[in-house]
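Okay, so chain A shows up in both of these, paired with chain B first and chain C after.
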Partner chain A sequence: MTDGIVLAYLGAALAIGLAGSGSAIGVGIAGTSGAGVMTEDPSKFGLVLLLQALPGTQGIYGLLVGFLVLTRIGIFAGTPATLTLNQGLQILNSSLPIAIAGFFSAIYQGKASAGAIGLIARRPEETGKALVMPAMVETYAVLSLLGSILLLNGIVL
Partner chain B sequence: MLKYINDTTNSQEEYGYACARIRELEKGLLNKDIIKKMIDSPDLGSSLKVLVENNLCEYTFENTETHSINLVLDNILKRTIDIVNEISPYPYLFHLFKWKYDFHNLKVLLKAKVLNKRGLYPLYSIGNISSNGLSSAVFEGKYQLIPVKFERILKQAETEYLKSESLQLMEIILDQGYYEIIFEQLEEINQVFLFYFYKTELDLLNFNIACRCKIRDIKKSKLAEILINYGHLSMQKVIDIYDNSIPSWPNNFQKTEYFSIFEEGIRYWVQEKSLLKLEQLSDDFLLNLLKIGKYTTFGLESIIAYYYAKENDLKNIRIISNGKRYGFSDNIIQKYIRDTYV
Partner chain C sequence: MSISQISKFHIFAHLSIKEPLLDKLQRLGCMEITQIEKEKEMVFHNWRNIEEDINKNGTALKLNNVKFCIDLLSNYGNGEKKGLNSLFTSKKVYRYAELLKIVEQFDYENIFIQCKSLDSELNHLKLDENRLITAKQEIQKWQELDLDFKEIEQRKYIEYTLGTIAKKNFDNLVQDIEHQDKTAVTQIIKEEKNRLYIVFIVLKENFSKIEPILQKHHFEIYKYNYPFTGTPEQILKTISEQLNIVAKKRFEIEKLLTKLHRDNQLIYPLHDILSIEQEKEEAKKLLKKSKEIIAIKGWIQDKDILKLQKKLKEHFKAYEIEFSKPEKGEPVPIALTNHNLIKPFEIIAELYSLPDYHEIDPTPILSVFYFIFFGLCLSDVGYGASMALLSYFAIKKLKLEKGAIKFFKLLYYCGISGILGGILVGSWFGDILNYLPPQLGNIREFLVQRLALFQPTDNPLPLLILSLALGVTQVFTGIILKFIDNIRNDKLYDGLMDQVSWLLFLTGIILFMTKGMMPLFMGNISLMITVIGALSIILTQGRAKNNILLRLGSGILALYDVTGYLSDVLSYSRLFALGLATGIIAQMFNMLATMVNIPYIGFLLAIIVLIVGHTFNLLISGLSAFIHDARLQYVEFFTKFYQAGGIPFRPFSLKTKYIHVEDT
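So, the complex of A and B:
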């Protein structure tokens, strides 16, 4: 196995691992708040679940980039490409946007979701507005996903 | 209110569950409209019905007897304390809030003892110390069931009464003891907002004590003994202005956030010879400070705010029900009403 392929694997692992960890933390934060609201009013389960699920998307984006990296280096075809150190570094770098931005945005989206859960507890009629606030954080996760895909596609193997 | 935000505001994730649950519970708090409808009601019965009509079903009273109303309100207070205990990630808030009731019980029992009025006392059963333990300490000198610190404060208050024969000074000694215990616990807890809140409460209380002392012609040297330390305001400042006339006092606090309260409260005192407005404005100021709890998603501010808001609601309901019972006009009742949290 060449140094290049090792770095490519590291890139895929970081994208999946960091973004997934961020999502787990974010979903956990929102879930704790959701449990608080549902203790008093279980009928809000649907709305709470929707808000709790929002920080989970970063984990999916990370997994997507991980799959793209693995596809790009031919893992699924059964014939892994022979990568130079330079190519491996390029793949590692292309994974970093979603790994880093995915990790932090998921945590902060979890916090925004917890705040929004508090909002629907007091004012269920404002659910639309409550959804918009944590969804704003999603923008930056989507941008980092886009950045990762563009960087990955620019690599010549 | 935003100036009370500190480094720890909204950063204590362990309070996430509690804050969200509080948001839901806040729907059970009274708002200005409900209070107004209660005051505008023609009699006590219809005034209490307003609560149920507004879906505040926990305020369901069997009848309009004082005992029945007090029973329901006391149960609601107990339930609120239980909720605080249940949702707080740390038990300290639960104990901190309960000291107030221990000192209330102690005041009632000591007054009964020094005035030689034995019988049934309106004691709370929600303190940190059992009311039976307190009772045997006060009346029989059996101190085994109360903490050593409590014993010292109790003896100190009794001595003060024997010396001065003043119930008010005895109460002030108990207040000193209360804050001594609270601030000792706060040092252990080390929560910035709690410090800020209790220090503010103490500043307002100290000013109130100084006013009462001046009205009763208590000597300056005595004032220095009875003002309670730990607040934001320097005690020396209060002592220095003590010889001046009360109406001139607020000017010395122009640079503090209390200026408008002191000014309005003293203006009312000059006109009506009553400190009612000062007390009311002080309560409203504290409630306003607590409104930061409405905007906190991860912090203990929400729990403290909810607890005090509930206590404030119960106080308002008691004011309205007593006012209606004794036939006070709506305007008079309105004068005594505190601001609402919601």
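So, the complex of A and C:
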């Protein structure tokens, strides 16, 4: 196994691990406030769950990039490519956008979701607006996902 | 196709037909009644409110009592389903006249009294239970103590002291006590993480010397405060016996409540008839009356006017009705009337906010964009088809409320859009076609290679550019709509200066950026357009300022807004990213399924993995598509032209919660 592939592995691991951790924190934050709202009004379960799920997407994006990296270096095909150190670094770098932005955006999206949950608890008629607030944060996760995909796509193996 | 035309109406009628008239209006359900304001409608100078006969029959109180009963009873037995389930169960249908009869015969007072007493009993039992549980938890800590709490208090010569102390203080305490009094006995009853439960046994006469030492080491004395007698062991037994009794009583009461609920399903129609009654009472508060006449004011959709006039003529004589167009500035309620095909998309606009009465209904244009964008975000034939089929099934087979049908129709369209998007990028449950047996290679080839216009995993740029182009289209549409809106409001010059100048500038920039793909002379033309656009922005955007320098300055500053448009357009790249994400996650699950290589049961497991995985992906991608699509409409599109803030049209009608009322 070459050095390059170790770095590629690190890239996949960071994308999956960091973005996943961020989502876990975010979903946790939203969940706490969701549970609080439901003690008052359990009928809001559906909406609360929806808002709680929003910060969960970063983890999926991370997994997605990790998966793309692993496919790219031929792990699933059973014949891992031989990567130079340079190529490995390229792959590692291309995993970073979703790893970093995924981690932080998920946490802040969790906070925005918690706020939105508070909003629908008091003013259920404003559900549409409440859904948009966390989605604003998610934009940057989507953009970093896009960045990671484009970077990864540009690597010549 | 847009916002319904709405008229204002005034009805004047003789007092004697007040009740039947209101009843009729409510059953027609096509008009919203509003407050008659004294200042504006001078005619009503000496008119009074008709409050005196409101609530005489105590509808509000009755309704409250019935609500109480329903809140209590609905927890027991499965009479009416709550929450999400109510979406899937059809409501019982009653005819209005029949309903009134049923309710008259229904003795609700009796049930209310029963409910109330059962409820208070239940509350008492809950209190008892809590008390017992607290006692149990407290006494369990002393379970190992082999003494009677009550008895040790009455000893003549020996003082027993129960209490807790922090572990770290214990050794010092024992030392100090031994130092003071050798006869004292210290016994640990129970050890917790940081605390010890202790009993001290000491001669009564020596206790006064011990007490300060206890205080010094923060020893917390435990006072037993419950009526039970005996050793902790015995007390715990008594408590659990009592808990059993309470549980039995509760069970009995719950059985009674379940029976009460089963036998009195009529309470649901009663609730609804009362709330209909209540709405009528509320409407009365908005009316005015003189000696002989009542006046009703309100809003009605123009399409219902004829129906209303006809019905009124059939039933009443002593009335007069007149219609007028709303004046500017009046808070006209909004009802949307769109073609059935795009009606479901009203949900998206309504989630944001209804339009103002004097502006354009965004629904028709929004529906086109929403449809296209959803398809690009979901972009999978399998998921789109599942969504479309499930919602089609829901609409056909389940008996749904109007609102729910609208929602499922929206999902149905979204599903179809997902199918189209999937065909476009060649995604069928991800890459599941790759696992087809080689004989069917031709089909695969046709579906994935020929039919699909994009191969985003191999070459992402074309689809990304398509997403951005759609973004440009929508942003331009938004600006153009604002321009149209300005013209409608006789502000042509504002429109030319604010919107057309930007349209020129942005078009110029785009042409300039893409000039590589066009004939050579376009380069110069695009440059010219850009410059003209920029100049007109600089010259016009500061027109609010008086000082000529300030005016130019703010004009130049306005050019900076171009970054806003740039980020708006870039925001549409999410269409591409989300679409790709759906496909790749699906691919991931397909691969996971092939990894289950266990003999015999592997096949089954693989199918389970596929079902669970794809369901998960459908849910999460569908949710993402729904929300991000809506966000693009709200943040990138609506901000260009949409004022919103309309209040919904809420007709005075037979509104029900648990049943359907049929009225002919």
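Methods note: the second predicted complex is superposed on the first by the 157 of 157 C-alpha atoms of A that agree within 3 Å, B and C clash if a C-alpha of one lies under 4 Å from a C-alpha of the other, contacts with A are read in each partner's own complex, and residues count from 1 in each chain.
Simple rule for what comes next: contacts are C-beta pairs under 8 Å (C-beta built on N, C-alpha and C of every residue); 3 or more make two chains touch, one makes a residue touch a chain.
It should be emphasised that the depicted structure is a prediction, and the values quoted were computed from it without experimental measurement.
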Since both structures carry chain A, what do chain B and chain C do when superposed there: clash or fit? fit
After superposition on A, vertex chain A (C-alpha centre) with arms to chain B and chain C, in degrees to the nearest 10, comes to 50
Can A:Leu68 be said to touch chain B (first), chain C (second), both, or neither? second
Could you figure out whether chain B or chain C reaches more residues of chain A? C
Touching A:Ile60 in the superposition: chain B (first), chain C (second), both, neither? second
Touching partner for A:Ala121 - first (chain B), second (chain C), both, neither: first
After lining up the shared chain so the two structures overlap, which partner does A:Gly17 touch, if you call chain B first and chain C second: first, second, both or neither? neither
Is A:Phe45 in contact with chain B, with chain C, with both, or with neither (first, second, both, neither)? second
Thinking of the overlay built on chain A, is A:Val142 touched by chain B (first), by chain C (second), by both, or by neither? second
Smallest separation of CA atoms, chain C relative to chain B, angstrom: 7
The answer for chain A against chain B in the complex is residues 29, 32-37, 39-41, 111, 114-115, 117-119, 121-122
Within the complex, chain C is touched by chain A residues 42-43, 45-46, 50, 53-54, 56-57, 60-61, 63-64, 67-68, 76, 127-129, 131-132, 135-136, 138-139, 142-143, 145-146, 149-150, 153
In the complex, the residues of chain B that touch chain A are 13, 16-27, 87, 297-298
Which part of chain C faces chain A closely enough to touch in the complex? 82-84, 350-353, 460, 464, 570-571, 573-574, 576-578, 580-581, 584-585, 587-588, 591, 620, 623-624, 627-628, 630-631, 634-635
